[in-house]
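Here's a structure for you.
By written order: A, B, C, D and E. Residues from 1 in each chain.
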Amino acid sequence: MTKTLIKTWSSTVASSGKTLVSLQRMSKRYGDHLVLPQIDLRVSEGEVLAIIGPSGSGKSTLLRCLNYIEQPSSGVITVADTQIEVGKDDNKRRVRELRRNLGMVFQSFNLFPHMSVLRNITLPQVRVLGRSEKEAEDVARRLLERVGLADKASQYPSRCSGGQQQRIAIARALALGPKVMLFDEPTSALDPELGLEVLGVMRELADSGMTMIVVTHEMSFAKNVSDHVVVMADGAIIEEGPSREVIPNPQTERARRFLRAVNER
Amino acid sequence: MTWEYFWLILSGVPLTIAVTLAALALGMVLGFPIMLARTAPFAPLRILTIVFIALVRSVPPVVWIFLIFFGVGADLVQMDPFTAAIMTFGLISAVNMAEIYRGGFIAVPVGQHEAATALNMSRWHHFRDVTLPQMFIFSLPAIATYAVGLLKDSAIASTVGLKELTFQGRYVTEMTYRGLEVLGLVGAAYILMSLPIAWLSRNLGETLKRRLAR
Amino acid sequence: TPSPDVKTLKPGVLTVAAQTYRPFSIVESDGSVTGVDGEILKQIAKLECLSIETISVDAAAALNYVQTGRADVTVGDWYRTKARSEVLFMSDPLYVDQMGIVSKEGATKLADLEGKTVGTVQTNLWVADLKKLYGAKLKTYPVLVQVQQDLKNGRIDAFVESYSIAMLAEKAGELGGFKAAVAGPDERVVSSKFPGQGSFPMNKDNESLLKAFNKRIAELHSNGFIKKALVQFGLSESAGNTGDPRWIE
Amino acid sequence: MIKLWMGTDWATINSWLPQLWDGLVVNLQLTAITLALGVPLGLIWAVTVRSRVRGLRYLTLFLVEVGRGAPALVLLQFFYAGLPQSGLVLSSMTSAIIGLAWSTGAYTSEIIRGGLEAVPAGQGEASQALNLSDWDTFRYVILPQGFWVALPALLGFAVLVFQGTSLCFAIALPEIMAQATDIGATTFRNFAAYALTGGIFAAICIPASLLVGWIEHKVAARSRR
Amino acid sequence: MTKTLIKTWSSTVASSGKTLVSLQRMSKRYGDHLVLPQIDLRVSEGEVLAIIGPSGSGKSTLLRCLNYIEQPSSGVITVADTQIEVGKDDNKRRVRELRRNLGMVFQSFNLFPHMSVLRNITLPQVRVLGRSEKEAEDVARRLLERVGLADKASQYPSRCSGGQQQRIAIARALALGPKVMLFDEPTSALDPELGLEVLGVMRELADSGMTMIVVTHEMSFAKNVSDHVVVMADGAIIEEGPSREVIPNPQTERARRFLRAVNER
């Protein structure tokens, strides 16, 4: 049990620089509208990647295609040992294999409102990993403690603040032991102090060595916590590099305009 | 109107309630597969179901009860008025339930489906653990409202000889030639029976909204 | 002694779909049937050694019961007509029932009612003919109670009903100041020329029952039972003289 | 089923059609009048049920609950057969119109109330902040938006009203069910007559409800605009 | 006409230090829940006041009680020449008189979606001020030009971006010529670049001498544009003073904690 838990929390502590996620020429179109013309991306084990960029630039679409919540239009997606060529071998079984290594956290939390907090975390474990109720509950309680919400186990989500709900959502995703965590603007529905709680948990997670891809508007998080940053505009990556270099000193005009807007607020 | 007639009219109440509840239960069960067929990805099935739902809803209940009681009832299985009434209103409420369920289904936020997908839940578990319970909760107020309508429609069963409230009311009218009192009593009985359900649906709606509020 | 090889739906049981249509057919609250038709029926059942089971229904439903073989027979002053005989067997006549008019001035001619609002019960035979005669001024009702109430309320000026029924109602004081009278013959309304012959409608698949009924009806005519039943419910003995069976077109 | 159709050929059915058509016209007229009176009534009740005046609120609540709680048949008979006992004699048509309009008003008031309540609170708040009067807020801001929300349900209810007019046979109105019953009584073929009537209802209501579905779709698309 | 417009835009250029808004012992309770125990506040003509504080501290409630969108429970409210004692002389006529001097802008814009942009701005003028359609339209077009949206006049709001919608909402409020503008988190539903457009318009408005009360989480706006700041927590004002002093250097522990959270994001 304890072994399981340690695995769920920090399976990748020993960061090795090995590539864990890669997108090759991935594209996505909605009807006539080509939202992502062609994306190449690479994330190493233990790395924290921040994706920033103006609204509508395709950040969410990128994340959602990566774990097949949205069907990509073409390209090759690799996560850990699973490689999928879009349209070729993306059958149900392979997609589920891909998702097994990916946890996802949404802007709007998306907890299941009709289940207690504890059940939110145990149910997927029981259903997806086939864990026993007992084992799943132990994992859930341990994780709730880590995110500082041990006392909320028996509450319903609607009785929790937004920041608490988001931390529960993180625990729920972690409980399945993903190798990579995806975050889509996890704090933008929260007000500052509540957002801070969530960012605290994320920072801890990063420190523990979790590989993370984070779409965010929080510049201080991007600057201080992420290793790399990708700036997107109009469905393309217009700039990328180490966060500490790109954010204070972007090279392209578009990225500079966006970052100025963010900082001037 | 004597006490004897008063009690005779009220003796129809249990049958009225029984038909309503039985038809509602049947409708709630049958409505489910109809809803699935209505939302099936297989177009011919879906279109057929849409037409079927439209047909059942378009023909007034009194015609249905005759078709079932004398049509199906004569050729296939013999049935008493009670069975026929339950089958008729079961059929009608089944298609209405299907539409109510579908409304509840649509009301489940997209984010719930995305979360279930991202958590790698199988389609069945996704449906059973996430969609179904929420769909049902969203449907409950509409079901309660529908139950009130069903209660009143059950009066039509009197035409095939089911001795429920309306039947007894008409019988007493014929025996006594006094329409106003009988009508008042029958109407009041329906209203009294519908009030608790109406009250329930109002409050249920509020409670559930609060419960699911994010 | 029961007729040989007479068949019923349930062996030994005569199933009757009955409506209340006083004085011909009355369903008691305990479920038993009486009235003129009811008494005759009970007598026939007794002679055939059958017990009676009553299903209490609407007039329209009663016919469907018989037609679909859910009941052996129905009761309630059903006239023998050509159209009906295509769908069901109609037994030999039990009594004749004349067309009657209820009006303030005791009108005896259908023509006198032209221009007035006239009511009648839907299931009556003469509805189609009267419609031609009175057009939109004719109002049809599901049950007699409503006709009587509307007469008193002034919604209609007169109504057309079986004379026996109308006469009884007048006697019972249910017509207020209105008077019942026999409707004189009128070229345009078949029922006014030929009094209706009341009979038992039966399922077309069961000829044995029709035969048995016709045999018993003849017996009950000759031994005076039918006339006694008529008198018992306030009708005149002469109604029992039916003449030969005939069809109204 | 075969038995019940027995001998009912096309010629027979054809001969019934003029009579059924006469009845249908009554149903259609009644539907139009009922809606023309009932929907405005529903709109008024939707407003008065939220009135600050307690008496008005309770009166509306009573009228709405009775209108929805009593079977339409009982309402019809109340006006037709019940009121004369108190000296007020209404014609079949008038009783039908009043009874059905009451029931329509009761149901549509709930539909319209739902539509009005679906307008986001922010719309009313913005109107207040802009100092619009209560009446202007209702007329220019809440009603136009609530109307679109309520429209599909109102149209769906209109189809139900049409079906409901068939109950008026019980108060001696010569509508289509009454005509079918007449036919059944004269020919003993009431199963066929009712089935034909059902077919006529289906022929009208199915296209109508498909149309309502299509409008619902359009309205939903409009609100996403 | 031109006179009208100038008045709507900058009726208070000559800032005089005269008190324009004052709240005395204003309180608000919802049932048992006392949300604002007792608030005293004073805003001078031409002053820009920023209200900051954690979620649920009562900032919105304060603004909404000030213009009677929410009925306050007690206190005295004064705006320009209108003084209302809550529960005493707050009849409809007086409340409308109070609101005449107050414009309000909401977080969610609350434009009327069934009217064109132009109609959104002209309707209140016609209905409330009794202006002619012609006059109202001239005012509306002038204001749309000021907020940079002259070309959107005939569009419907849903065809405009969030930032554009908010600028339209500002124009709509200004068209009624208020003496004081209230803003309730006007940019928090917008992403950075769009928010910047709105902040630009607000800054211009402040420069033109408009008296403003702004609930916001935008610290650089609060620091650079507002004259005074009020920090709220749990329904009370815990700190207030000149923005340039309070924001970098709050005195109370609670204010310090909140500001740290805001800045660390």
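What to note about this one:
The rule is short, and it goes like this: a residue touches a chain if its C-beta (ideal position, glycine included) is under 8 Å from a C-beta of that chain, and two chains touch if they have at least 3 such contacts.
Please read all numbers here as calculations on a predicted model, not as lab measurements.
Contacts with chain C and chain D are shared by B. For the pair chain B and chain C, chains touching both partners: D.
Within the contact network of the assembly, the step distance from chain A to chain C comes to 2. Taking each chain's centre as the mean of its CA atoms, A is the chain most distant from chain D. Per-pair tallies of C-beta contacts place B-D first. Farthest from chain B, judged by the mean position of CA atoms in each chain, is E. Taking each chain's centre as the average of its CA atoms, chain B and chain E sit 51 Å apart. If you average the CA atoms of chain A and of chain B, the two centres end up 45 Å from each other. Chain B and chain D, compared by their mean Cα positions, are separated by 19 Å.
Remark: chain A and chain E have CA centroids separated by 37 Å (rounded to whole angstrom).
Shown for chain B are the residues that touch two or more other chains, namely 66, 70, 74, 179.
Shared contact sites, meaning residues of chain D that touch two or more other chains, fall at 3-4, 81, 190-191. Multi-chain contact residues, meaning those touching two or more other chains, occur in chain C at positions 60, 64, 67-69, 149. Contact between chains, as defined at the top, is found for A-B, A-E, B-C, B-D, C-D, D-E. Taken in their complex, chain A has these residues touching chain E: 54-55, 187, 191-196, 199, 217-221, 257-258, 261-265. Taken together, the chain B residues at the contact with chain A in this complex read 109, 111-112, 114-115, 117-122, 125, 129-130, 133-134, 137, 210-214.
If you check the complex, the residues on chain A that touch chain B are 64, 67-69, 96, 99-100, 102-104, 106, 108-114, 123-124, 127-128, 156-158, 165, 169, 172-173, 176.
For chain B in complex with chain D, the touching residues are 51, 54-55, 57-60, 62-64, 66-67, 70-72, 74-75, 148, 152-153, 155, 166, 179-180, 183-184, 186-187, 190-191, 194-195, 198.
The part of chain D that touches chain E in the complex is made up of residues 120, 122-123, 125-126, 128-133, 136, 140-141, 144-145, 148, 225.
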